[in-house]
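Next, two complexes with subunit A in common: one pairs it with subunit B, the other with subunit C.
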Partner chain A sequence: MGPLANQLRHDLVLQTRSLLYPATIISTSIIVLFILLLPLRPPSARLLAFLVFLDPATVGLAFVGAIVLVEKAQDTLSALSVTPLRPWTYVASKAATLTLVTFGSGLTVVLFGAPPRLDVARVLVALTLSSAVAVLMGIVCVAGSRSMNHLVMRLLWVTTLLYLPVVAHFDLARGMAAVALSLIPSRAMLLAIETALDPTAASSMAHMYALAYLCLWVVVLGARALRDFERAILNEGL
Partner chain B sequence: MMEVKDLNYVYPKVDAPAVRDVSFAVSPGEIFGLLGPSGAGKSTAQRVLTRQYRRYRGQVVVLGRELKSWDHSFYERIGVGFEVPNHFLRLSGRENLAFFASLYGGATRDPDELLERVGLGDVGDLRVSEYSKGMKTRLGLVRALLHDPDVLFLDEPTAGLDPTNARVLRELVREERALGKTILLTTHNMIDVEELCDRVGFLVAGAMSVVDRPDALKARFGQRVVRVCYRDQAGPASAVFPLDDLGQDADFVDLLRTRHVDSLHSQEATLDGVFMEVTGASLTAGA
Partner chain C sequence: MRLQAMRSVVASDARSVARDNVALATIGLSLAGTGAITSLGLVADRPAAWSTAFPFVVAIGLVSGPSAFGFLFASLMVEERESGVRWALAVAPLPPRDLYLVRTWIATSWMCGWPLVSVLLMNATWGVLDVSLGEWLVIIVPLAFLTPGFALLIPTLAGDRISALAAFKVLSFASLVPLALFLVPPEAGYRWALLLSPTGFTVEAYRRLLTEGGPLTPWVLGSLAYAASLLSVVVYFFERNVYSSKL
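Take a look at the complex of A and B:
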């Protein structure tokens, strides 16, 4: 078994033992229950996109942060830092497994929302990229956190920032404010999900912007997560 | 096998070096003890030698190569035991070892055999969160030995262990030495030093003041006298006699004949005492 496959297997076992999957099922069920209780069925693509976005914003950030912080608290990074395991393998495995969990959770919400004009390929791409961005943000948050309190503060800031573009998503911000909000990656997440649920909701150009912008963030956050974990492992106070 | 010359390490944003001009060498089949109180620079030195801290100055050659020229394959050849246990608590002891064994490219030792050696054979399937600190410490040593490394770095290997288990771990470390392993022990536990170390280096405030064999240090700094505690009509008393030509010392012989002797002790130096005399600091201070 290669190093990455080995680490993936290990992470899946750890996440099972940490009860990540039941916790994800509960949080997703709450969103699904909300959809089922909506008077208007199916919900509009815009509302459903927001509800799908809630999953990466909660599961991707908070759960990821908690699960990686538990490992940091156990100081297993010190033990791993003197083994042949490479930091990129560690980060890639964490990102892949947690993205898969977030992706599955988002897909469940989409299926219960049952949008009539759904574009399956676009949904898969939008959910994958959105989940990856949220998970990598969670990893970056936790990599540089010194304690649970520090992590909670960081997550609070990042979550607030992530939710700001919801204002633009519901057309409550216009002009420069809307442009400024589109710099935040969650604007691209919401746009990519909405145009996947209803391809007529925005132009192809807007959809392409959203996907390209999310790809850029995956690369930037991936590099940052790797750098931060290398620093956390080396622990030279850089 | 390990050669350190003029090693210096300064933490970022700190002026004073944590390790200053430290030099020593450790041969295969030798246990070298790095002694010093907490904050002396032992852990920093170990982190440099295990390639965790890489912005050092000086020359560090491990396994025949300058440390800076090693890549990740370095970790195939070294084993590190930590003072504070750091295991995956939600995995069992056996699962922890299986995971760590899977990280190495080469063959690994039989984890069950090692668990049995340290008295964890029966609890290998128990989650580590259920282990006591001593059990976690023993598991840590097993993990360090798992891939049969050529060089071992052990930080307080018997911390938190009862005397019986501490003895088992010391025996295990001695066996590694007999196999020709190079072992660096960082500690302030005098029993570990006395029973394990072939040579020791005293580290205080980041600087190494003395490197020598423990018995040589004790002989150099000890007093060659014997103290006799005895009782006579006036009550308990004591007397000190030179150890040299003791059998010819008439007063000593007379005391043995005429008084009731309670105890008789040669006045060897303790390593803690030697440390204090050489460095002006106590090994246990701040520990």
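Take a look at the complex of A and C:
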């Protein structure tokens, strides 16, 4: 079995042992319940995109940090540092396993929302890119975090920043403010998910911007996450 | 000796929180959020939709507070368990009950004071909500009493940081669910199901206050009874599972 497969198995076991899966099932059920209670059926693609962004798309942001902290406390990282495991394998495994959680949760919300012009392939692409950005952002956040509260404080600021574009998503900010909010990657996440739920919701140009911008963030954050993993996470584990 | 031990715990918690700038960041973010919303209220020609959304935004802020601030103190206890400090505390000359009373008292006091200041400031510029100081208090205080229950429930359920975060997530979502009371028709038979959430009675009191002007007493008593019951059950399991004297 290759190192990536081993790491994937380790991550799945760790996530199963923690309450991650039951918690995601409960949070997804609560979002589904909210959709079922909405007087407007089916809900608009805009609202549904927000509900998918609210938790399923960004589930990895906080959890990857907690996972790294637990592995640090259990000296797993010290052990990993003397194995031939490459940093990208560690990061890719975390991103892949948490993206699976995103798929399960996101698709459930989407299916209950039942948007009439749903494009499942586009949804999967949007969820994959959103989840990758969230997980990589989480790894960057946890690098150098001294404790859970330290990590939570960092996440609090990042989450607040990520939620700002919701204002533009619901057309409550226009002009220069909307342009400025488009620089935050969550604007692209919301747009990519919305256009996947309803391809007529935005122009193909806007859809292309969303996907290209998310790819750019994946590359930038990926490089930073790998560097931080080697410098801060792995060295602190020793 | 006991008082000295309590002081030591408070000092240790303060150091732990100050080391990571937790308190500063939390207060800073709360101030920034309140400041931003208060400033938006000063915009003279703001869209009508903003004013319609304002009561809902206030409700989101109020119901998400207890789980967020409860989690701050819960994290300290989860880390103590993971790092083994919990075993040292088990032989300290301080009864476990005093230890978590001190911690939850701080969180509850904060949750009684800050949300009140925050909503009064925001509403001062928006002028949307016709709610008196006494009415704000009967909404905010029962919510604040959920904070100790949440702070103790997370370490009771969670053995490590991942499960603590998972438990926090579930509590946060469960606290937000009753906001659907604003959306579902008043005659819907399933409305009562939303009262199963810890914040259900308070959200219903707030909704009735805004839409019908009251009466609030049954809903406020319901929310206080819920918070007290939750705390009793959680304390029982917390003492048995987390801070029992058995090593």
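The criterion applied here is as follows: the second predicted complex is superposed on the first by the 230 of 238 C-alpha atoms of A that agree within 3 Å, B and C clash if a C-alpha of one lies under 4 Å from a C-alpha of the other, contacts with A are read in each partner's own complex, and residues count from 1 in each chain.
One rule holds in what follows: a contact is a pair of C-beta atoms (placed from the backbone, for glycine too) under 8 Å apart; a residue touches a chain by one contact, two chains touch by 3 or more.
Treat the numbers as computed from the prediction; the structure is a model and nothing was measured.
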item	value
Partner with the higher number of touched subunit A residues, subunit C or subunit B	C
Contacts of A:Thr76 with subunit B and subunit C, given as first, second, both or neither	first
Contacts of A:Leu37 with subunit B and subunit C, given as first, second, both or neither	second
First (subunit B), second (subunit C), both or neither touched by A:His150	second
Partner chain in contact with A:Ser18 - subunit B first, subunit C second, else both or neither	both
First, second, both or neither for A:Ser204, with subunit B first and subunit C second	neither
Footprint overlap on subunit A, where subunit B in one structure and subunit C in the other make contact	14, 18
Complex contact set, residues of subunit A against subunit C	14-15, 18-20, 22-24, 26-27, 30-31, 33-34, 37-39, 55, 62-63, 66-67, 69-70, 73, 146-150, 152-153, 156-157, 160, 172
Subunit A residues within the subunit B interface of the complex	1, 3, 6, 10, 13-14, 17-18, 71, 74-76, 78-86, 233-238
Subunit B to subunit A touching residues, read off their complex	11-13, 47, 50-55, 72-73, 75-76, 78, 80, 82, 84, 86-91, 95, 99-100, 102-105, 143
Subunit C residues within the subunit A interface of the complex	16-17, 19-22, 25-26, 29, 33, 47, 49-50, 71-72, 75-76, 78-79, 82-83, 157-158, 160-167, 169-170, 173-174, 176-177, 180, 183-185
